[in-house]
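In what follows, subunit A forms one complex with subunit B and a second complex with subunit C.
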Partner chain A sequence: MNILLILAYVLLFLAGAFLLYMAFRTDDRRFIYLSVAFYVIFPVLVTLRLPTSISPEAKQLYDAVEALPDSSTVLLTFDYYPSTLAETEPMSRAALKHLFRKNCKVLTMTTVPLGGPSIAERVTREIAGQYGKIYGIDYVNLGYKANYVAVLKGMGSSIEAIYPTDNSGTPLSQIPMMKHIENYSNIDFIFAVSDNAIVDYWISIVHAQYGKRVGAGVTAVSAPQYFAYLDAGQLAGMLGGMKGAAEYEMLVKQPGSAVKGMTAQSLVHLFIVFSVIAGNATYLAKRKRRGGEKA
Partner chain B sequence: MKTTVPIITAFLSGLVMLLVFFFNPEKSAIGRLEPEVLSWVTIVGGFTLLLGVVSIVRVNYGAVKRRKEGWKYKIATLISVFAMAVPAVISPRVSPLFGTAPGSIYDWLFNNLDAPMMSTMFAMLSFYIASAAFRAFRARNAEATLLLLTAVTVMLWRIPMGEIMLVKIHHSLPEIINSYIMNGANMAVQRGIIIGAALGAAAMSLRIMLGIERTYMGK
Partner chain C sequence: MSIIEFLQIWIIAFFTLSLFSFLYRDNPFYRLAEHIFAGLSAGYYVGLVWNSVIIQQMIDPMFDNGRWWLIFPGFLGVLMFSRFSRNYSWISRLSLAFVMGNTAGIFLLSELHGKVLPQMQSTMLSLNPGQGFAKFILALVVVVGVLSTLIYFYFSKEHRGALGGIARIGIWFIMVSFGAHFGYTVMARISLLIGQVQFLINDWLGSLIKIFA
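After this line comes the complex of A and B, so read on.
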């Protein structure tokens, strides 16, 4: 590793420690904000590639997709708001790269009205362009329809009944790829990328009632609740937060923004851990002093 | 009338969805009701969005008219609503700038204003969490200490730098955390929550169907 890079990061740690000390001395939280800003911005400017280990749940998801026969039909969902793009968009990008590499037919949709269709359109078109895929033949964006429970349930009978047109208003009957896709029975795998509780419904409605295999990419904060579904075999695999996205990027051998973002996340996590330790050390010292004064 | 009609509608809708679950949609008339009812639900869902827009316009317009506190921000809300909605609902046949397709006004506003603003708002959480970590996360008693230690361990486990540290302490520490915390204690608690929430949802559905629960009518 470059000695200058190590030196830069050592200096960054020292700067953070100094700011934490200043926050402690002055009781001014702005020093803490400044430290966090440093730790987020610095790795973007000075890139440090950290080794990312692959978790069993990410490997499970990768293997499930890898096991699909070439040209399978996969439903990829963009069930997330723009606020969590940093965690979820890399998952969608890595999933699309994996699916297009396997020549899968990709059907995209969203249950999120605020931005979901636009994100799906932007990301899918960009990745499809890289793999020479054609809209309507290799992929279709269904867009958004209100009331997700009804949408998920209704697609089990007829996708066209729920989505008479695609996201840009073209009737599904005029789209070549959709001629062979009537309902879930024509879909081989569901890859749900989400920042909300919709994955529960993909499991309880689509997996449980229609027997479709579901894999999920979720935010770090919601990942713990899906370990139960994974253990029960109701989820084929899972990506949790930016770490999960980075793992999938590594698995598809296409490192992207998640792998890059892990350095910033590492630094901020470490800073928070040190803040907790420092905060508790001062708290215990104060308590001891107060106890001594009373005695 | 205002109470009876919604209760009857809720009861019948719930009953139909309950019954169709047990019938084959291809072989029975009751089963065939399912796609029909679900199409209705998505259409009604679309109208609720419209209702939301009407409501936000009414509330904010009223506040601006009466010069209530923060009325200037409400003007910004109203401008934002119309700036996003009007170009999106005009047919793209008029001009490619309308509609929601890539290259449209709506798409540009979403990608260049809405998405960065929402991401910024969410990103600000990290500053507050860091500040709270330093000022508020205290090991005041045994339970708080346990929570704190678990949080710190999981935070380290989720990052490459932390994983390197944990491996230095013991080579299989990351696997131990995965097995005992995430796939052990965490999973057991989550199962309890999931089962409890499902039972609660079933009970609530029954209460709504039978007209016992009426809060959805504003009562």
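After this line comes the complex of A and C, so read on.
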């Protein structure tokens, strides 16, 4: 590693420690915000990649997709709002790269009204362009439909009944790829990328009632609750937050924004751990001093 | 870069910085961004639901495919507006009753078969030490964790004696769970910040560099 880079990071840690000291001294939390901003901005400006290990749950999901026969049909969901793009979009991008590399037929959909349909359209078209895939033959964007429970149940009988047209208004009957896809029985795997509780319904409705294998990419906030489903074998694999997205990017050997963001993530976590220890040590020292003064 | 893309990036950057400005203190830029977001979201949502539900799932099937029975769910939907009248708000209960009955019917089976039974099954593990040390310890942790946590939430008897001891073990498991949730939540929030910082540095400052280059 470059000596200047090490020096820059040492200075960054010293600046963080000074700002933390100022926060404790003045009781002004804005110093903490400033130090977090330093730790996030600096790694984006100066490239340094800290090692990121691959978790078993991400490897499980990768292996499940890898085990699909080439040209399988996969339903990829974009069940997330623009507010969580930093975590979820890299998952969708990495998933699409993996699926298109395996020549899978990709069906995309969303149950999220704000942003979901346009994110699916933008991301899928961009990645499909990189792999020379053609709309209507290799992939189709079904778009959005309200009432996700009815949508998930209804697609078990007929996808066309729920989505008479694709996202741009073309009737499904006129799309070549959809001629062989009637309902879940024609779908080999479901890759649900979500920032809300919809994954619960992919598990409890589609996996439980239709026996479809479901893999999930979820935000870090909701990741802990899905480990129970993973252990029970109800999920084929899982990506949790930006770390999960970075792991999948590394597994498909296409590092993207999640891998780049992990250095900042690690630095901020180190800072928070240090802040918690320093905060508690300061509190205990103050209490001891007060106790001494009283005595 | 087209002029549309350029404007798009600058609008996103303006609203991002306006929202971040709240970290310093409340200010008119933050409130402007907040109000525009709320208004835009509501407007977009109304338009989307009108098109994807009312038009695509009711009007079009009725007139194009002759599915006139869709008038009944449509009518139930209209009844919901009676909530705005003090005298006739009771009528909306008819629609709500339909929704509740329907939801209960769907969820009863899916929750039972999709969540309760598989989750119960996955905690019923063998405690035979012959299965290997690691597996045995893991099974022991799951069984003790589930039982002690369940006992912690049993409030019909005072938590004293053996019951209190087991409930105390349950508290430790709950605390570990809270710790995991907290760690993941920090990661989630920082990820969102990283995403916006990446946008500001790569896209917004990048657009500035392109102008001057």
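Methods note: the second predicted complex is superposed on the first by the 295 of 295 C-alpha atoms of A that agree within 3 Å, B and C clash if a C-alpha of one lies under 4 Å from a C-alpha of the other, contacts with A are read in each partner's own complex, and residues count from 1 in each chain.
The rule is short, and it goes like this: contacts are C-beta pairs under 8 Å (C-beta built on N, C-alpha and C of every residue); 3 or more make two chains touch, one makes a residue touch a chain.
Note that the structure is predicted; figures quoted are calculated from it, not measured.
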Quick one: on subunit A, after the overlay, do subunit B and subunit C clash, or do they fit? Just give me the call. clash
Looking at subunit A, does subunit B or subunit C touch a larger number of its residues? B
Who does A:G154 touch here: subunit B (first), subunit C (second), both, or neither? first
Once chain A of both complexes is superposed, is A:D231 in touch with subunit B (first), subunit C (second), both, or neither? both
Just to be sure I read the superposition right, which of the two partners does A:Y135 touch: subunit B = first, subunit C = second, or both, or neither? neither
Where does A:K145 make contact in the superposed view: on subunit B (first), on subunit C (second), on both, or on neither? both
Between subunit B (first) and subunit C (second), which, if any, makes contact with A:S35: first, second, both or neither? first
Scan A:P56 for contacts with subunit B and subunit C and give back first, second, both or neither. first
Have a look at where A:K243 lands relative to subunit B and subunit C in the superposition and call it first, second, both or neither. both
Is A:K260 touching anything from subunit B or subunit C once the two structures are fitted on A? First, second, both or neither. second
Given the touch rule stated above, what does A:I272 touch, subunit B (first), subunit C (second), both, or neither? both
Kindly list the residues of subunit A that each of subunit B and subunit C touches, one partner per complex. 33, 36-37, 40, 83-86, 113-114, 145-147, 149, 153, 200, 220, 224, 228, 231, 240-241, 243, 265, 268-269, 272
Residues of subunit C touching subunit A in the complex: 23-24, 41, 44-45, 48-49, 52-53, 56-57, 60-61, 103, 106-107, 109-111, 113-115, 118-119, 121-122, 177, 180-181, 184-188, 190-198, 201-202
Within the complex, which stretch of subunit A touches subunit C? 30, 33, 36-37, 40-41, 44-45, 83-87, 113-114, 143-147, 149, 153, 164-165, 200-201, 203-205, 207-209, 219-221, 223-224, 228, 231-234, 240-243, 257, 260-261, 264-265, 268-269, 272
Please give the residue numbers of subunit A that touch subunit B in the complex, ascending. 20, 23, 29, 32-33, 35-37, 40, 50-53, 55-56, 81-86, 113-115, 117-119, 121-122, 125, 145-147, 149-151, 153-154, 157-158, 161-162, 167-169, 200, 220, 224-225, 227-228, 231, 240-241, 243, 262-263, 265-273, 275-280, 283-284
Write out the stretch or stretches of subunit B touching subunit A in their complex. 25, 34-35, 38-39, 41-42, 44-46, 48-49, 92, 99-102, 106-107, 110-111, 114-116, 118-119, 121-123, 126-127, 129-131, 133-139, 148, 151-152, 155-156, 158-164, 174, 178, 182-183, 186-187, 190-191, 193-194
